[in-house]
Structures are given as C-alpha cells and as structure tokens.
Amino acid sequence: MTPVTKPCSVVPMKKLINSPDTVVADFLEGMALAHPTSLRIDHENRVVLRGTPKDEGKVAIVSGGGSGHEPLHGGYVGRGMLDAACAGEVFTSPVPDQMQAATKAVDRGAGVLYIVKNYTGDVMNFDMAAELADAEDDIAVRQVITNDDVAVEDSTFTAGRRGVGGTVLVEKIAGAAAEEGRSLEEVAEVAERVNACARSMGMALTPVTVPANGKPSFELGDDEIEIGIGIHGEPGRRREPVASAREIAEKLLDPILAELPGEGPVLLMVNGMGATPLIELYIMAKEASQVLAERGVEVSRHMVGELITSLDMAGCSITLLRLDDELTALWDAPVHSPALHWSADDIQE
Amino acid sequence: MTPVTKPCSVVPMKKLINSPDTVVADFLEGMALAHPTSLRIDHENRVVLRGTPKDEGKVAIVSGGGSGHEPLHGGYVGRGMLDAACAGEVFTSPVPDQMQAATKAVDRGAGVLYIVKNYTGDVMNFDMAAELADAEDDIAVRQVITNDDVAVEDSTFTAGRRGVGGTVLVEKIAGAAAEEGRSLEEVAEVAERVNACARSMGMALTPVTVPANGKPSFELGDDEIEIGIGIHGEPGRRREPVASAREIAEKLLDPILAELPGEGPVLLMVNGMGATPLIELYIMAKEASQVLAERGVEVSRHMVGELITSLDMAGCSITLLRLDDELTALWDAPVHSPALHWSADDIQE
Amino acid sequence: MTERKTTVTVPDLIAWLRRTGELMAEHAAELSDLDSAIGDGDHGTNMKRGFAAVAGVLDEDFETVDALLKRVGSTLVSSVGGASGPLYGTFYLRMGTSQKGATELDAASLLGAMSTGVEGIEARGKAGIGEKTMLDAWMPALEAFGRAGGSLADALRAGAEAAAAGRDATEPMVATKGRASYLGERSAGHIDPGAASTALIWQAAVETLAGGSDTGSDDGAAS
Amino acid sequence: MTERKTTVTVPDLIAWLRRTGELMAEHAAELSDLDSAIGDGDHGTNMKRGFAAVAGVLDEDFETVDALLKRVGSTLVSSVGGASGPLYGTFYLRMGTSQKGATELDAASLLGAMSTGVEGIEARGKAGIGEKTMLDAWMPALEAFGRAGGSLADALRAGAEAAAAGRDATEPMVATKGRASYLGERSAGHIDPGAASTALIWQAAVETLAGGSDTGSDDGAAS
C-alpha cells in the first residue's frame, strides 16, 4: 500500500463562517432571524428593509455597498435612518438589480435618495440602477456620493476621495431629514452638505482577510502600523512603527483638520475597524478629544464604536463633522435601527 | 567606539493604548468625554455613574469587575439598567473601596443590589464591600452571584461555574425590576431567577493579550480553536480543529441545552469576544437559531453583538435564558445605556 | 490543417464565452492576488462568479448575436458587482446592440462590435489609455486586430498577443482610475488585474474562434 | 557574626514589607507567567501594584505593630483587587489586630500573629490545604517555623524553606479553588502563583528579620 500523502496543507480560516461562498447569504439570514419584526429581508435580492415601511409621501433612503463593513449598511435600516440597504458580496459593490428592487420596495411616492460611497464600482452600479429606476419604474432618484477620506490626497490623479466614516453620518442625518417630510431635493441637499462637512482618516494594526482569499490583504510587521488605509484591505498612505494612542490620534486628526471646512463645533466619531476592542476605542476617543481641545476645536457630539468596519481588521478611523444648528438637530433626532438607536427622551451630547 | 547593540528587541504591542499602566484610567476618561451628560465618572474611585441619578426610593444596582470586558459593565449604566459600575484593573476584580463609593453614591434609600460574577476575587471584594456598607454606612445591600458558564463542568471541585454572558441579562432584567419600584428583596429575587435560568458557553479563535503582559494568554495553532473558554484568557475545556459556524453552534448549544432548566421559549444571545466582526456574529446567530429550531426550542428574543468581551480575543459565546411572561416583560422594558438601548415605542422581538 | 474560419457564429460565441469562464475560474486566485496587491483582492472571485452565471444562461436559445450578447452583458451586470461588473457587462451589452439581428460576424463586424463594446467601457468608467485599467489591454488588442489583415485567426492571435503585451505594460504604470489609484506611486510595479482578465478573454477568443486546435497565445494571465 | 535578634520591631517589620515589595517587583513577570498558565496572568502585576502602594504608606508614623499591619492590610485590600488582594489584605489585617498595642514581637507572638493572619485567609477564601493555593505555602511554613525551636533566625529560615517546598509541592496538585480550578486536571504540572508569592514573603522575612546578612533561602520564586 502506498502511504496516503497529505495534500499541501491549507490552513483553514479562523472565522465563524460556514464557507466563503455563503458568508453574505448566511449573514442576511442571521439578521433576519435576529430582527424578525424590525427588519424584513429580501433574500433573493439581498436587500435589508424596514419591518414597517415609512409613511406614504416621505422620501425614502437607499444605501448599500460591499459586505464586510457591518453594521454598515443593513444595521442602519430603521426609523430615522435608512429604508433599505443593498448587500453586495464581501468588498464588492451590489449589482443594479438589487438597488432596483430596493427602490421599488421603498418608494412612497416622494422619490428615493441613494447614498453611495465613492468607489468606482459602487458609483457605476448605482448609476445603472438610477438609470433603470428612471427609465423603467418612473421613480425619481437622486444620488449623493460620499467622499470624506482625506487619506486620498490627490483627487485629480485618483478615483477621488473614498467614502468612509462620513457615510454613517450622511445616512443618519439624511434619514432624519426624510423623516421630517422634506422633499427629495431638500434631503439630497442636506446629505450633500453633511458629506461636504465631513472628513475621515483611518489606520490599521492588522490587515484584513477576505474569506474568499483566505490570506491577509497585505503584510504588516509585528511592530508596524499602516496609516491612511481604506475599508477594503487596500494598503494605506504609509507604513510606520507602532505608536501610542495619543500619537495615532494626532496622525489621523491633523490631516483631517487640515481639510475640514468651516468653523465651530464638531461631531467626533471614533470608529473601530472590526476587530478593535471597545476599551481601545474609548482610549482613542480620549486622545482625540484632547488633541482637538489643544487645537481649539470644540466637540459637541460624540460617537464611539464599531460603525463602519473592514471585516477582521484591527485599527480605527476618526471622522469629524462640522456641525451647525440644523445638522445638530437632525443628528439628535430619534433613530431606531439595530446599530444606532436613541429616542426623543434621550439627552443628546 | 563600540557599536551600540540593540537591546533584546521587545516587539511593541499592537493595541490602541498609551501604556499598559494607563489603560483603565484612559478608558474611563474616554467614556466620560464621549458621554458627558448621560454618564458621570468618579475617576478617583473608578466608578461609572448615571448622569442623572434615579428617583428617590428605588433600589439601586451596582455591578463591576475587572476591565477588559467592555461594554460590560460601564456601558450598561443608564436608565433601566445599572446605577453604577466599578472598573477594576484589566481582568482584576475592583477593590471594596470602589464598591463602597458606588454604594454611597447610588443608594436612594431603598438599598443596593450588587451583581457579581462568580470569580473568587470578585466575590471576596464585593463581600468585603457589603460588610463595609452594612457596618459603616448602614445601607442595605443584597448580592447576586452570576454563574452561568456550563464550560465549568464539576462545580464541586472548582470555584463553581463562572459568571459570563448571563450577567448582561441579569443586569438588564434586574435594572428593569428596580425601575418599576420593586423592593430590594424582590429585585434580588428576580435577579437570582434570571441567573438560575441562564446558561452560557464560549469559544475562542485566538487567545487574548493582556496589555500588562504583552503576550498571548495561551498558544493556539493556526488550525485550532479552544472550546469552553472563560473571559479572562483562561484556557478552555478542550482544543479542537477549526470548525464551521454550524458545528461551533452545536458545540456550544448542546452542553447549554443539557443544563438549561425549564421549558418554553428562550432568549438567544450571541456574543462576540472582542475582536469578532459583526458579520460573523450574525452568521453564528443564524446557525444557533437553526440548531435550536431543530432541537425544538423556540427563540422569542434575540440579542447579537459584542456584549461581554475579553479584550482582543476573537471568538464568541452563546447564552440562553429561559423566558416566562414576567422575564419577557422586564426584558422588553426600556433601557437607555451607551451599549444597550431601546425605548417603549420599539417593537421587541 | 483544419478548415479556415472566416466568420463567427452564435455557437462560436457561446464556445468563446464558455472557455472564457473556464479560464476565469482557473486563474481566479491569480487575478485576486493581483487585485490584493493594488486593490481589494476580489477580481478573481468577481470574474469567476460572473462567468459562472453567464455559463448558466448559455444553454438558452439564442437566434442572434445581439440576443446572446445582451443576455451575457446583463447577466454580468446582475451578478458581478464591483467595478468590473458594469464595465464588462457594458462591453457585451454594447457589443450586442451594435449588431442588431446578425446571426454571424465576419472579422470586420467582430472588430466593429468589440470597438463599440470598448467605447462602452470608456463611457462607463471615464478612463482612457495609460490609466492602468483593462483599457490598457483592450485598446492595443483592438488596434492589433484591426491592423492584422490576413485571416480571422491571425487577427485574433495578433489581438491576443497585444492584449497580453498591454496587460504586461500596465506593470510600471501608476494608476489614476479605480481602486489602485488610491495607492498613487505605490501602484507601480504590479500588473492591473482587469487588464489580466481582458487578456484571458482574448486568449479564449483565440482558442475558440480562430478555428483548429491552435492555442497560439501565451497562458493569458501573468505568472 | 552580627548580633543575634530575638524580637521583631516596627522598623523591622517595615524593612520586611519594603523588601517584600522589591521581591514582588523583581519577580512580577514570573508570577504573572505562572498565573497565565493556570489563571488570568495578572498575579505579578497585582502583587507589584499592591506592595508599591504599601511602600507608599510605610513612611507614615507607626507606633505599634497593629497600627502598621492594619494600614498595610487595608492598603492591599484597597489597591490589589482580584483574589489575592482580599486574601493578603486579610492576612495583614488579622495579623495586626491579633497584636493590639504591641511594639515588638518575639518568635512566639510572631508565630501567633501570622497564624491568625492565615486563619483569616482560610476564612475569607474558604480553602484548605491541598487545594493548590497560597495556603499550601503558608501552612507548612508556619508549621516549620513553630517546630523549629532555636533562634528566631533559624525559625524564619525553616519557615522560608518550608514555604518554598510548599510552593514547589503545588506543581502536581489539581486546583479546586480559585481560577485555576476551572482547568481541572489541566491545572496539574504548574506551580500556583499565590504559593510563589507567599514564598517571596518568607524570603523577605529571612532577609530582613533574621538579622545578619544571611539570605539563607533559595531565590524564592520558581524558575
């Protein structure tokens, strides 16, 4: 008998999944089971919808993108925020059919706003969907492209700044504006304004492993961090030695502040990239707050947590949004989604 | 000139911290800055308190334990849940002085319930605090020790089952009971009942690195997982090859179901250990729901997220709580804490 | 030597698309590796998924070239996502619409159809030559195909060789479109994954449309 | 040979506590490593932090043994946390209260004081001998100290040797108390960290209370 030789050993992935092929379908089934009444999921089209649609005559908001950024976008479907989220494959834009199905499902006669992160694929797929909505379904669609990532320095020689953390803020505030009964034009305008007033930058302690690839997206030494990363395992602006929370806060905030328009108080969002313990995010929130205080920037609203992630990447991003009274009031308005939740009787801060 | 020899190179830790010594203090400062009105933090005693104390005449609830399990416990301070949380050093029980300060701060004349996870250190430190409260401050104190971890099999030859995921449920439900105005006796009774009806089990994909140690708490091969781990980097019941989400759900649920008392519907909690992406937790929620359906167990409430963690450990735990009408109503009652939040007008599910 | 082909029929196109799908599946890991270096590491799985979906519709009845290609294009649009889905989808959609009612294509109309398809890629992606995208394989390939003269087979081989050369020529380029553009100078030194998948499409064309068993071009994807 | 000591004064006790703190700091990594194997890896930092806090109060004025030891005990309780905080804290608290008003201790009263302290550990932790805890170092140490006869120095050395032996004897034990008990049989094969820190306390006692420069015992912590 010839001895059985072990095939070139492939180390199985350390992930709570069944198979790389079923990640998105399984995830959506889990969401449906975990939120049986507040969400409704169209599994065929991979669209997450509110359990109870919003009132007739209000603008609906659709977002979506590649999966792997949870809770974005499905976790933000709910009263006061999104009406539908289209889940693409991991790190791959959804296809126009999904947006078309979402658009038809959520339109309440007042039109639909698409919130799209600025990636070539997302922009093209949402574009095609908007063309279809217009041509086939006669539904008014407006699009807002978010592009808040200051890590992309030279937007004339690139596909333009990426949409990252600011997207969460656009979705929240546009959602509140739509809930107020504003017109499609007005909701799009406020969404544009949030995007124009938001700037972000991220960093990674570790790369990300896409289930379908099974290996890290880039190599990072034990004593290295990557500054200016995106949310798809793209390498960043530069590689540096491990630094303290304080130093990292400065490395992220200084380029943000250099490009943040306007004056006055800001919203500070400290976001974990997927595998970052909450205790570390609060430490980053402290350092970021202190850096801002030293720079003379008043922080009037805070949000800390894993809000827009990159699978199992450890690291964080910081987003600043320049606030005014209108944006503040829309921010404070109630929101009832799985991942973002506050009510009228909460004191905002 | 003699060449400068590099000292035995210590790889800096990949964590968003300033120094292992300041982790807890920095974290609490971050919490204070991020929640300036809803929380108040006594930095000297490391106690997280509600921004607005509850009404006079209601039972107050104090919990606490080692840090590193965020959002537990500080993230659960708020209306409908805890009145105060005492933060120990990382993975180290707080000291009696902290509980004493918390007790004095939160007592509204109706006594204080301590919710304590069953670890020798926690039990002894809370015991000493209860003795002090009684002797020095004349405040009525009752204690509930949570011990829901079925990974600890032989509780007569051990310090007894550990308190893990069930603790979150005890804190939520006791908090709701206290908010209703029940007596200390009654709140303690319902807390005991939740603990008695809850069972948990956890698993790790990776070990945990305590900042003060700078190295992983145990070694785990690239193709190994650890079943039956605790939340302090303790090794588990046994080591096994990497398995699918479905298989892991069975490995955790079968021992839980073997020890879960009673009949009827359950609350299913799927918890991430600190470095687990939400997409994976929802996949686990799907698999757990399906295993339970096959075992004939009805799931009437769900909670999915990072709720009781172990620093940067990747992995998950499952907790089941056998529900009845009273526990269900208390579960559904509003809660307004940084980490757990729903309001009276949310449809529970 | 086998019979010399001068036209491409609907079954020929189906064979081409089927072979394309096989090559995408074979080279999926390679394409994703290229994409990991300068993008998000999914180009191989995207192409594999898309052409698997295409293979699923190839058994339907197609009377005309445009019926087939439009079905292929919309299948890609509906199944790929990302940047490559709308781009390749648009390619086949436009390629089809340019040949309304045709049941076979000679070399000239094949060139015309593909040119219209590539114009669709340009219109959708707003990129031009030298931006380190799939266009850097498409454009030289079409040019070589048009210039080749001679037989359809020779023209296809010339196109495939130019596509492979165009693919390789993306290596030193600095990307200014798509995800790779975020890397700036760091994008140089890597082959563009979309250019590599385009070279595979041309390899499949040679293998299926040129007639005979000649597989002329090199292995199509970068090693 | 230096003068033979027969009693322990308040300054002697202060020297003992200071030396204990030094040893805890020196051996912190070792103690935490022992704790990582069967616990949560913090025993070294816990002890280091606690005795650093103790060192911070040793400069206060202490007239009596009980004033000093009660202050030490409550400082440990207030600064250590975990299992070891209340246990070691209780030890010094009870040791102090057993000697109300004393300004120095002879061998017999030192033994009595420490025995009362250890009873406090037993009462607080509800453990007994053989459960793989610090008691497995404390109990043989006290027994050897009591049995030793001879000089205070000899008794201390006998105690320290027995503490070290007791520490080593925890290695094969299966823990049934504390965090290590969760490991069941897997707890065997590792020295108990609390027993190791107790052996350090005895090592410090020999170095500071026995008189002379004799440091008799071995290095105190397991290697």
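Chains here go by letter, A, B, C and D, matching the order in which they are written, and residues are numbered from 1 within each.
We adopt the following convention: contacts are C-beta pairs under 8 Å (C-beta built on N, C-alpha and C of every residue); 3 or more make two chains touch, one makes a residue touch a chain.
Quantities reported herein were computed from a predicted structural model and do not represent experimental measurements.
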**Request:** Could you give the separation in Å between the centres of subunit A and subunit B, each centre being the mean of its C-alpha atoms?
**Result:** 28
**Request:** List the centre-to-centre spacing of subunit A and subunit C in whole Å, with centres computed as mean CA coordinates.
**Result:** 32
**Fill in**
CA centroids of subunit A and subunit D: separation to the nearest Å works out as 54
**Asked** Between subunit C and subunit D, what's the gap in Å when you average each chain's C-alpha atoms?
**Response** 77
**Overlap residues in subunit D, where contacts from two or more other chains coincide** = none
**Asked** Mind pulling the subunit B residues that touch 2 or more other chains?
**Response** none
**Request:** With chains as vertices and touches as edges, which is it: line, ring, star, complete or other?
**Result:** line
**Message:** According to the definition already given, which pairs of chains are in contact?
**Reply:** A-B, A-C, B-D
**Asked** Which positions of subunit C touch subunit A when the two form their complex?
**Response** 32, 36, 39-42, 45-46, 49, 77-87, 124-125, 174, 176-179, 181-184, 186
**Complete:** Counting only contacts in the complex, subunit B reaches subunit D at residues 66, 88-97, 119-121, 124-125, 127-128, 151-154, 157-159, 162, 210, 212-213, 217-218, 230, 232-235
**Asked** Given the complex with subunit A, which residues does subunit B contribute to the contact?
**Response** 11-19, 23, 26-31, 33-38, 51, 67-68, 70-71, 75, 205-206, 222-223, 225, 241-242, 244-246, 248, 270, 274-287, 289, 299, 302-304, 306, 309, 311-312, 314-316, 336, 341-343, 345-347, 349
